[in-house]
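Can you read through this structure? Questions will come right after.
Which chain is which? They are A, B, C and D, in the order written, and residues in each are numbered from 1.
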Amino acid sequence: MAVRVQEADFDLGTEVARLTSGNTSIGALVTFTGLVRDLGGADAISALELEHYPAMTAAALERIEAEACARWALQESLIIHRYGRLEPGAQIMMVATAAPHRGDAFAAAEFLMDFLKSRAPFWKKEHGADGARWVDARESDEAALNRWT
Amino acid sequence: MAVRVQEADFDLGTEVARLTSGNTSIGALVTFTGLVRDLGGADAISALELEHYPAMTAAALERIEAEACARWALQESLIIHRYGRLEPGAQIMMVATAAPHRGDAFAAAEFLMDFLKSRAPFWKKEHGADGARWVDARESDEAALNRWT
Amino acid sequence: MRVLYFAWIRERIGLSQEEVSSDAATVADLVAELRAREERYDLAFSDMASVRVAVDQELAGLDAPLDGVREVAFFPPMTGG
Amino acid sequence: MRVLYFAWIRERIGLSQEEVSSDAATVADLVAELRAREERYDLAFSDMASVRVAVDQELAGLDAPLDGVREVAFFPPMTGG
């Protein structure tokens, strides 16, 4: 169970190796990595800027993680979320969940992602040729929370 | 879109880096890793032996992968499955799915896993203190296929 | 009380945080006070459906009481992940 | 026709593969022929609910025809992943 909020990049392989190292009771490990997506053409972006609320962010992520650990039999979990200015293709964040069985690991990872999307205090600004614009929250992301109630 | 059946171990970080390298249109990447789980105590195992049907395996995995690519808007996918004798804690297999949005990447990874469990020609034998036993297929794994029909 | 602004609310107001002396009983009262100050505040809070609030770093509603509160933050819907 | 056995079916029969000359019309007929041969085959195929079949490397049922078939494989339910 760990949460990290950082400007620096992370290495998925290293993080996962650390999570499972020495624990032979893990049967299933799920990871999600979010990347800066550049659609090119008229929507081409040169950078994604991530602003957050430092005093609140870690606590919000820890609460989301604790909720996942209360719902599923997780042996390990990890949330890393970056902030600052990121290039297209850069890693934005990752979650990892480890459990005896795959169902729990998948469900917990999806749960973490659904809550991170709408309940973690981050805001994204896309920089493109025509200037910059704040990314709107998607209604589908808010709706995705309902499946966990 | 790639399938590998091998005795050798694999490195999750390397595989994922290769999958996403140079493609800035990927927004979401999901991985699943299956590990040799040792519950210890009376059920302690010293090794897991994976037998497969070489002439059929790659084709079966490719069919499962093609079906996932037909159902979801995947940009990349990868299945690696090992065979041979594995120690507790060792990696058995992995899948990775990359898509513009997280919903597709998660669904496709779960679909691949559900089909690999019951439709990929592998058989597992656990070696423990009391000898060896073939792992039974779980009814829940067969039932898991129904949610995709 | 410290008041924080994030994302386009921060940009519209032109401040990331400020100290505010207020007797506002609720978040809604505080918003009304701020809007009355200057047009940039009025503009930032013109569509409260697009504004989220945290009181002492916990998500809260517009009716949340401010008694004893040290920090109020205003921001658009979050876009993490 | 080449016949392959995997996992505990392979162990019970004591062979991983063999060439079989048979006029069996279907997989079920082939199973009946094999069971009649020796007790180890009879034992391996005593509970066909636990046996899966691939004909020329495609999953098939017991009623699958064997005309022109080159390879038949018998194995327990798969446990991949």
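In this section, contacts are C-beta pairs under 8 Å (C-beta built on N, C-alpha and C of every residue); 3 or more make two chains touch, one makes a residue touch a chain.
In UniProt terms, the chains line up like this: A, B = Molybdopterin synthase catalytic subunit; C, D = Molybdopterin converting factor subunit 1.
Computed from a predicted model, the values in this text were never measured in an experiment.
Shared contact partners of subunit A and subunit C are absent; no chain touches both. Here the chain-to-chain distance from subunit A to subunit D, counted in touching steps, is 2.
The centroid of the Cα atoms in subunit B and the matching centroid in subunit C are 48 Å apart. Taking each chain's centre as the average of its CA atoms, subunit A and subunit B sit 23 Å apart. Subunit B and subunit D have CA centres that are 26 Å apart. Averaged C-alpha coordinates give centres for subunit C and subunit D that are 72 Å from one another.
Residue positions of subunit D with contacts to 2 or more other chains are 81. Chain contacts: subunit A has residues 34, 102, 113 touching two or more partner chains. The part of subunit B that touches subunit A in the complex is made up of residues 11-14, 16-17, 20, 22-40, 88-89, 100, 102, 105-106, 109-110, 113. Contact residues of subunit B toward subunit D in the complex are 34, 51, 53, 55-56, 59, 81, 92-93, 113, 116-125, 134-137, 141-142.
Those residues of subunit D whose C-beta lies close enough to touch subunit B in the complex are 4, 6-8, 10, 54, 57, 59, 71, 73, 75-81.
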